[in-house]
């Protein structure tokens, strides 16, 4: 389905980095959901580049809702958002048409689209489009909050520096992270991370990291055993976010080194509710929620755009070449990506829940 | 879509561990594909439990194609496969109805299906159903081989023991793995792994591991930038395989510790063809194939069914309880899972390629 | 999606007329629906050929549920049904491989499947497969009855002979039709119709007709304004039934000759409920149910298989030819098709309602 | 999927009659299709209200392509079109919130959306949105023309006045219709139809009609036997067009009165190509194209908005009421609807062909 995802609650994304608008269509919204536009703007702020640790491109994200919204409430029709692109410097990118940037989509896109792609600023592949995902995700999070389901992330690791992990039931931590521009549990570690990003920028280089995401409050029994597993649906959403190269749930790759007796999460009653005494499963058994927090780790590669000279090919001359990228780029995108991860996770969860409970469930 | 996946080439899976049949419907097959049933039986052999390192349940997998196949060729109509269940011992599972096994789907299923699920032997959640995926995957691999696209896996790590990694262009390695019952590149490491599995079995415990999968020969330009990324489509397929808790492409989680200058894959010409000098991207940029081998690592948790006593709850008495699982179980499923991973990867790739090239492409 | 239809409640159909089994997979069923197998068998009886007015092929329809059903209830997993084919006489069809029957699918199929299709008895195109739709439809009707939604049809016209039309609120008429083998409101007209079928058979010819279908009890507000309109969803289901060439809702084609002042259905209160004083709209406005009965007319062409000599082509010799069909055929299928129309309508409605209300709605 | 339709070539529609923009996203476009914007504007002209026989609302349709289009060619990414709404007089519609117009969507929408719908001018249900379908359809027709597939329609009947029917191979007729504002084959009949529309307007009433559509040049073997039949796919598209109440293919409802020997289309060789000597099947057998022209008749009801006083209900006072609609309305929409029918048919055909041949087929 290419640029559309979701069965009951679906998002269609469109736009290019240097086009007039980017945006998305959100379909399958219930009627009568009151939208808090301030929350959307807040989430956009968390994604927006800020200071020396980000690109100098200024993105105001003056989004406009052009359908599906009336008198402060969703109408139940397709809700469409457009965001004008501003501050584009297309000339920076002219040469990229034939000098593909290593580990960027330039070359793969050229093969797929036979040279017709809008190559300016990464075109349709640009991280810029994640602004549309953040808006859709912010709406999805408002729907989840109507049911006391919270989604939040922090930078678990960046340039080799580890933050703490989320606690068992991280409701307060999630709320705190959703207010922070640079989302870490331990601010001292955050300072070290910022320092590492600045160093990378100074060296014309970039760094990557890992984002830890938690979902608290999901009811039990949501998801499917095959194909539409919670892991599969959220995984597909998350792999849409540029620069993601790995995803794990619960103890994830560490599980592969454990014995069954160590890895299994024992059940127990707590206040007449069934819980598990550990959460290596990350809240999911057999593709279905078990009521414990969903825990996800997402590996973000270092930004591919670096200012150092790099080996590439000249697709016109058909020979090897050296590329020096000018343009404006992020020495790290981990801190900006976390709200995007939250957003796509929230979109996926609203889809699964709407399929299970019906559309009107969204209204709370 | 629950038990169906795929847009152009689609699989519908059905059945329960202790029902009369399991099976699948394969839709979107081109007409006129000659099927090699011996290859299907060979792949089933690779999944079949064998010896002391697997469950003692004997599964003959006498599958029958009941539609879509005529005179040795696919007809272009839905191809349906049924596999009779035999050697089922349902009594082993009676108590599991109310004593959910830790880290199994029992509890989540009970919440989702309100107690109506077929609980015998894991029912619809049983790894038994992966036999149907292997058959569909074997057909998908035959289609890919018509285009010289090869898929293969080995056990990269088991119980903390590492095998070698795939070489750069692992065509011969893939072929070798597809002939081995216990797929490792280094047989000495394989012996140690088998020893570890036997030890786990002796201790009424289980072990997990990591599977490395390679796809060689994929053309450039396949996949989509958003949602239907190659990572997203393959990831969703792989997360359907029971016991998978993590997936990474290329250097994956290791990418998060690299600098951009280390992680980026430089382009170069080799024999007039564009290649990358490293393959940290795992053959995918911007969600789209770049012509290099696709490299996937999949984390498999230790089998949840262990014979040791475990803490659980009694859902009838609403109190904590101790569970001792009898039944017949695998002390490890990593060695059996690898052919399932190959299968779902192949299914996903045929779907993406059929969407791109049209259905008749499958015939080669 | 080829052989699968439905978003929340989905059917996958498979099989060929002379294969070992035909069948279907029903996915998206809620857990815990008690199935009345006697009702399914009753509905199969209504579809089964009977007496001189049908083919002499005997179809016992000894269906077997091989997954998704446990202790008398649906489990919530994919429910699969297989029906063995018996009494097949494949030799009757050998020549059809290269002598396509006029207005049959033989020629179109040959072009689509490049000669690889199973041509015996119409293969995958055979009306035989509607037995699987009837079973799925019977289950769908049981779900709808849990919500007092009734579906039923009668032969409105056959060989130019008109039955009465359904009354305004045809609950009793629907119940009566669902008990009749030859479904007409006016038995005298039914006798004339049977006579016309016998005459056609005697003349080696066939006749067609129109089926009127009513759905009573649908809640208001179901359906979508664009694409997933109730007309579009039911229309697509109905056009799947072989021999259907036209569909209209409410006054349908007659609406095109009316003035707006004649065609519009005025609203009024009746017992504090909003109704319309006429029902030219057939229960649907803007693609969405308005609470009045849904009224559908379906045009069924005369059976294409007739014993008279017909002009065709010899695809091997590439020349014109004369075809005389032997085999066993129906001089009319209108009377058998009505339960198939009911079935696909019911399947479509359960899908729309499940999407709207969530899956558990099905349990009633 | 609500506001999205299509598997390989998909359209997402959005907007409300009195919102800021309406529009659509076209996904699954191949890269490198040169678009003729003049043709799009020409098609919009054919839909635009004109003179006394249409509404006096002026719609300039100054559409803007905001993504997926670069240097005159499609890029292969989602192509998004927005059309500003102008000349809206929302006050005309205030009372409709609680006085639903007979045979309009007002009441059904109110039940579906719990009163949150944008009721102004019909909101998301407005025929205004078909402008977006016409743009998408114009692009689809350009793709089909790359393969010499032509789509065209004329007014077969209006207010009881019959035009001629399309000839056997109506290539020239289709071309002529695509140039005419009021599409009839016989201009004298067209004059009578215009007269009838004027009379209806003078009487504060409206008229309906039938549109005949032909598709010439479709290759054989396209479509599926079940569910994704050509009739089902085109039927679902056409039922999305407001005011459509019936659809038939080929001889359609007339088939129900024919004998098999009259209805069957004999095959014959003509210039070494297989044709049928009649075309009662309308170019489709068994859901699949047979190479003959596809013939469709679509019943359009009289415009529901009429100026005569009508019976309705007052949803606030919960009592019967009389409604007099002011606003600006069409005394007939048949002449404007035909280009919309062409558009949705073209969209459906590009989807089916793209699924069959792959996306790059579109480029020609």
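Structure notes:
Think of it as A, B, C and D in the order they're written, each chain with its own count starting at 1.
The definition used in the following text is that a residue touches a chain if its C-beta (ideal position, glycine included) is under 8 Å from a C-beta of that chain, and two chains touch if they have at least 3 such contacts.
This one's a predicted model, so the numbers in the text were calculated from it and none came from an experiment.
For the pairs A-B and B-C, the larger set of C-beta contacts lies at A-B. Using mean Cα coordinates as chain centres, the one most removed from chain C is A. When the contact pairs of A-C are set against those of B-D, C-D or A-D, over half line up by residue number only for B-D.
In this assembly, the C-alpha centroid of chain B lies 46 Å from the C-alpha centroid of chain D. The distance from the centre of chain A to the centre of chain B, with each centre set as the mean of the Cα atoms, comes to 26 Å.
Centre-to-centre separation of chain B and chain C, using mean CA positions: 39 Å. Of all residues in chain D, those touching 2 or more other chains are 1-4, 7, 13, 77, 112-113, 124, 225, listed in ascending order. Chain B meets chain C in the complex at residues 1-4, 7, 10, 12-16, 19-23, 25, 27-28, 31-32, 64, 66-68, 70, 73-80, 82, 112-118, 123-124.
Residues of chain A touching chain C in their complex: 7-8, 77, 225, 355-361. Those residues of chain D lying in contact with chain C across their complex are 1-5, 7, 13, 100, 102-109, 111-113, 124-125, 129, 157-160, 200, 205-210, 220-229, 231-233, 235-237, 239-240, 242, 244-253, 255-269, 272, 274, 276-277, 280-282, 284-291, 297, 299-306, 308, 310-313, 315, 318-320.
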